[in-house]
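Before I ask anything, let me first share the structure, which is written out below as structure tokens.
Chain nomenclature is as follows: A, B, C and D, assigned in order of appearance, with residue numbering initiated at 1 for each chain independently.
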Amino acid sequence: MPLPKDLVEGHRRFRRDIHASERGRYRQLAELGQTPTALVIGCCDARVDVSKIFDAEPGELFILRNVANLVPPYEPEGFYHGTSAAIEFAVLGLKVPHIIIGHSHCGGISAYRKMREGENIASEGPSFLGGGDSFISRWMTLLEGIELNESDVATYGEVMAMELAGVRSSLAKLRSFPALKEREAQGLVSLHGLHLDIGDNKLVQLDPAHGYFAPII
Amino acid sequence: MPLPKDLVEGHRRFRRDIHASERGRYRQLAELGQTPTALVIGCCDARVDVSKIFDAEPGELFILRNVANLVPPYEPEGFYHGTSAAIEFAVLGLKVPHIIIGHSHCGGISAYRKMREGENIASEGPSFLGGGDSFISRWMTLLEGIELNESDVATYGEVMAMELAGVRSSLAKLRSFPALKEREAQGLVSLHGLHLDIGDNKLVQLDPAHGYFAPII
Amino acid sequence: MPLPKDLVEGHRRFRRDIHASERGRYRQLAELGQTPTALVIGCCDARVDVSKIFDAEPGELFILRNVANLVPPYEPEGFYHGTSAAIEFAVLGLKVPHIIIGHSHCGGISAYRKMREGENIASEGPSFLGGGDSFISRWMTLLEGIELNESDVATYGEVMAMELAGVRSSLAKLRSFPALKEREAQGLVSLHGLHLDIGDNKLVQLDPAHGYFAPII
Amino acid sequence: MPLPKDLVEGHRRFRRDIHASERGRYRQLAELGQTPTALVIGCCDARVDVSKIFDAEPGELFILRNVANLVPPYEPEGFYHGTSAAIEFAVLGLKVPHIIIGHSHCGGISAYRKMREGENIASEGPSFLGGGDSFISRWMTLLEGIELNESDVATYGEVMAMELAGVRSSLAKLRSFPALKEREAQGLVSLHGLHLDIGDNKLVQLDPAHGYFAPII
């Protein structure tokens, strides 16, 4: 199968209409390297376009995307820790001053909700592993033990409160990385917990002083 | 530290100028769910904006981003396999018909080049692990054993040939997942190896019939 | 009579040559459901191939075709309203963000022109109803009372101006459906009036700001 | 909202690459009029592209598309009978020698299945009519009273058997139009009942001699 035509044409439009206005900036970034303002840990979901949501410039955001934008705990033993490697590279290599967890209601969270309610999502459909096991169900166990925040439930309902609990959990996991926690204490990096509503593209942010989520604009 | 002002203003611009023209599409996708045309495995690099490069519509691309857009081998034993989980979700859950590896020359590959030349990048700077070890160097060992393609070297030079070897390697790793290989054999999914030049934003694609990379437009 | 050989051979060609490149996309859409970008209300005319005119991908367009691509008024009393049912399903069920009226000069409009000039097309030929009545003449009364736009006449001539008046009329009829009008006001759906020239396949589109038709490319 | 970019680009591709090879044929058809081989009554579903499935030439197929490709009964009293008008125009005006019912598993049929099982789909979601009523549920009552064929159930399962029953029903409804039945008796028009599987694009056809559905190729 060839590449989808819409993508080829989209690239043509990009080259013709969009790229021109930023040609110098891209060349500069290629030659001098990137110095992004923030690491964004976002979801793979096709309805979430992180750069567009912030109308970001080239080079502005270093973006990690995985299912449900989860952060694993600090595990010095593990091996192919793609997420931890990206965080390490952004924080210590690129020294980004901001880390943003931009959550959105994706299939991962709703699958996890079913797991909590007793369903065995691992055996729900075909998987790469078979036998009632799957990479995705293992990945989603990163959410194990999360607790809903009562004020989140009251303001946003139970479904979104679970998503917000995921954001709170990922922030806590980030702070389990000693070197990151140290940089936060020194005021060199700041953590921000955001939640994007896919339907209307509104962003709410965790207010660390008061512990609740409120619109950013 | 509050959120960077450029991001807050960018979100305001997005809500005011950009979101309006796609409001209905976002609402539709939120209510009916996503059926993306492709899974793109891209790099976290701040100079690579996958959706923009393809001028993609909301919902069109399911995007996984890790350092150097690597794919780990099929490892049924491991646990927090974020990359494998995302591929599994896209291929078996969302049944995407196309997988695109969009490589670009990022810090990861150039770090790996130094490793190959004898430098110990693990001890190069600060890391989350310390003691000459790092998550990023472990992650980059996914490239161990890759061979440069002679025609790639002749056409594009040694630096870019290493990046192209990374794309070839990720394609091979994808085919190590039995269920993915089976779907490819059935014509249900097609793999595409792309390389983006960050400086001029040109895309080249691996021609599977002849084994070399050529421009897509 | 068996199926025409051209159709059987055409289906064989489709299965052998065309289907293969989109097999995965069709399978995905069958299993996950459709989320089309637009509802197109087109004509049954054999010279109008809506999907081809837009080189559309599988799943992209939800297409309603009736004679002269007419829209009946909002009639809560009626019963077998096939057109209203399809619009309702697309707008409220599939939540399509775009509705396109793709008109083309078909027999229906030219029959209606004759009616306006005093001929009784109802009695023109055989009909399912007989006695000077026909389903088609009843259907075409949906155009009753349409006025030619002077600028359309000046630019495109009287024949095509009648067809353009049909497009304008169908747009107005769509806006007589309260729920559709409400979604348009909320920015969730956008209406586009197009006209296709069957001879050279050029498309012109109604510019809502200025009220005239202009080429889309 | 402007027209979706993918559609504008698709039209550009059509004009540049596809239209050229058939320019003469389109011009001829515009000047002489259409003489289609068949009327196809198909579904609006975005996953069904009737012309493509038969790799049809311009002018070959007169295509009526409504939800679930239903045919209403012969009702001389009604008014805006879009489907009956199109059939009348095709059969008596264009004198098509073949009528094809190309069914596919769409939302309409599955909604109707729920109705049969006691659910009130009319009140299932928002509708143009409100108050537990909808155009789509009224339209689907055209299927009322259909019976599953036992051999269909045995060969294709209950879900597809319901779709096949829809095809059988539409063929019977067509024969309730006296003028159509008469032309069939004279050998001037032939009715064909087809069913398309959206997932693998296979077509089966009702064998009128034996009463079962079998692949056309």
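Keep this in mind: a residue touches a chain if its C-beta (ideal position, glycine included) is under 8 Å from a C-beta of that chain, and two chains touch if they have at least 3 such contacts.
Please read all numbers here as calculations on a predicted model, not as lab measurements.
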Same or different contact residues where chain B meets its copy chain A, judged by the half mark: same
Whole-Å gap separating chain B and chain D, where each centre is the average of the chain's CA atoms: 43
For chain A paired with chain B, centre-to-centre distance based on mean C-alpha positions, whole Å: 15
Per-residue overlap in chain A, given as positions that touch at least 2 other chains: 1, 4-6, 10, 12-13
Chain-level touch network, classified as line, ring, star, complete or other: complete
Residue numbers on chain A that touch chain D, as the complex places them: 5-6, 9-10, 12-13
Chain D - residues contacting chain B, complex: 1-2, 4-6
Of chain D, residues touching chain C in the complex: 1, 3-4, 6-8, 10-15, 18-19, 23, 26-27, 29-31, 33-34, 36-38, 44-47, 49, 51-67, 70, 72, 74-76, 78-90, 92-94, 97-98, 100, 105, 107-108, 125-129, 134-136, 138-140, 142, 177-180, 187, 190, 192, 197-203, 205, 216-217
Residues of chain C that touch chain B when the two form their complex: 20, 22-25, 27-29, 31-35, 37, 57, 59, 94-98, 183, 186-190
Contact set on chain C toward chain A in their complex: 20-24, 55, 57
